[in-house]
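Data block below; observations after.
A, B, C, D, E and F are the chain letters, set down in written order, and residue numbers restart from 1 in every chain.
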């Protein structure tokens, strides 16, 4: 089992997602929530780094936080999976441990 | 009279100093304090941008916040002026307006 | 599965407490156990009973308390962080010579050992913060 | 010169209130006038009288109050931000059906118009925050 | 309420909902509108995310305050600067934002755009002209 | 106090003094030392600034908690990982940090270094092995 990383900050404001990706081992997963969901957007200055990371890690994004911010499913990088809180709970349970990148 | 910009966040954690420099007009001043003082360090990944900005703007750093963090005067980019709270008050008064980059 | 939850920020100013609440609620609804919710740093402000949010907004403290009532949740506010920030129960208030207290009924004040214990006893510990 | 000061974060968790205090103190010592210190967002927590920081640390609320005593400073806590977060004076507490209040004596609770007025009346407005 | 007229700019650099700054900034703008000052708003960096259309906070359990932006025109808050580079870095265009309008009383209440798309250098100049900059 | 032995890692990513996280993280570490767990600390990103030597908070009016790091060895907290890349990006070397030591009871109380300088890939593996990661 691998690690679940959670990121709740905008990658344009803070270095959190950047640092998380740099430390995420192959096979681990990253969940984007709160302002972290902006990291899932297509066509941004960080999207290339996220796409590259997706070769090694699975990326999830919380749908309720996307909708709160007016971001449509179409605006999200292809391959990022949209989940909800029950899904977040399942991810925490199915990974060996959880690291919150604050 | 020009503007005084204040920056209180580490440039390695947040985009504040970056954004401040990108918006600072020639002749304005930037005061680094709190965790913003790390932006005054020599030999960092942001030092080149700060040095380049210093061609157009004056950069100040608060000595009490440097000392709290164990940073010596020698570790600071040459040309950055070390000041104190009375100096901060004078800078606020001698510039036309103040923008806090939060 | 048994989860432990740490909340590091106060209500409203950051989304952390909302997110921790949603996670906790979803875990309980799926039949999981929440060993403890531990409020640290500015998170201790979630345990104040004096908040009066606008009527068209949620009341985060009351949401936590309703969940605690329904599921017998253990809501623990760190004593050291709480004293520093002025979140007191009756006995802490008296002991410190203060004339009022502000802890909400479903929260209890205890030491940092309760966080370590949550880490030891829970199968997963999640931290919600800034 | 006349300064206005805005404080956006609570005590201890962020350095903002310390910095605002140091600036205010230095300005007063240089003979300047502080039109008002306005506490907004989590900054309202600075106005609680219930904080009990460790004995070897500063008490930020008491530092502000001592400065207010000495220089007749106007320390204003935003009413909307304060209600949301549970910082109440006796009349707000009563009006909202609460059984306690926690405002510190030298602070007063008032509306956001006081911040705008500080912007209008001060020659420089400085914001200290996160 | 005051005879002094100053240039007030509210500088919004943060995303909505993750923190309360965007919401409580709006509360200041609404109260401030009662004072006869020369008011403008700037949305730069993550602040541009505050103006996205279609915000729906139901499942997040938070209050959706985005409709308030479209009411700003009624409060005579009509100068809303949005930075072009900030949009571009985030993969956004003006089409992703709410369409904010006001009625110009000087031109027989003609409907006009409140949003002024400016580049970084232009915005820096507008900031420089302000008397009071409130940062959120 | 508990028969379960878990790997606990305290992950410190923030600078000291600007926020309280570094100080209150240390308070958890000290209390946690009373539990017989397998404890380590990681200092990455701005967290490496917590360990600088020569911190003097007198003029800043704050409490200097940096001496506590050198007491960690007495609490049997002896695995302190510092990330090489984080130091380099900030223009720092190990010489800028406190020299943290502990006495190894298994080797006749020989004095040893608590700080383990690791690169990012090494640290990522150590993190992966943890049971509990407390983030500050």
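Operating definition for what follows: a contact is a pair of C-beta atoms (placed from the backbone, for glycine too) under 8 Å apart; a residue touches a chain by one contact, two chains touch by 3 or more.
Being a predicted model, the structure only gives us computed values, none of them experimental.
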Any chain touching subunit A and subunit B at once appears in the list E, F
For subunit E and subunit F, the touch-path distance in steps comes out at 2
Going from subunit A to subunit C via touching chains takes a minimum number of steps equal to 1
Looking at Cα centroids only, farthest away from subunit F lies chain E
When B-F and C-E are ranked by contacting C-beta pairs, first place goes to B-F
Farthest chain from subunit C by C-alpha centroid distance is chain B
Overlaying subunit C on subunit D by their Cα positions calls for a rotation, in degrees to the nearest 5, of 180
Per the C-alpha means, the centres of subunit A and subunit F lie apart by a whole-Å value of 27
Taking each chain's mean CA coordinate, subunit B and subunit D are separated, in whole Å, by 26
Touching at least 2 other chains, the residues of subunit B are 8, 12-13, 15, 34-35, 64, 84, 97-98, 100, 102
Contacts with two or more other chains occur in subunit E at residues 17-20, 45, 60, 62, 132-133, 135
By the touch definition above, subunit D meets two or more other chains at residues 12-13, 15, 22, 41, 54, 57, 80, 125, 127, 129
Per the touch criterion, the pairs are A-B, A-C, A-E, A-F, B-D, B-E, B-F, C-D, C-E, C-F, D-E, D-F
Given the complex, residues on subunit E that touch subunit A span 14-19, 45-46, 49, 52-60, 62, 64, 66, 89-91, 96
Listed in rising order, the residues of subunit F that touch subunit A in the complex are 11, 13, 44-45, 120, 123-125, 127-128, 130-133, 135-136
In their shared complex, subunit E is touched by residues of subunit C numbered 12-15, 18, 21-22, 54, 56-58
Given the complex, residues on subunit B that touch subunit F span 8-10, 12-13, 34-35, 38, 41-45, 47, 63-65, 67-72, 75, 84
Subunit F contacts subunit C in the complex at 2, 4, 6, 8, 20-21, 24, 27-28, 31-32, 34-35, 37, 131-135
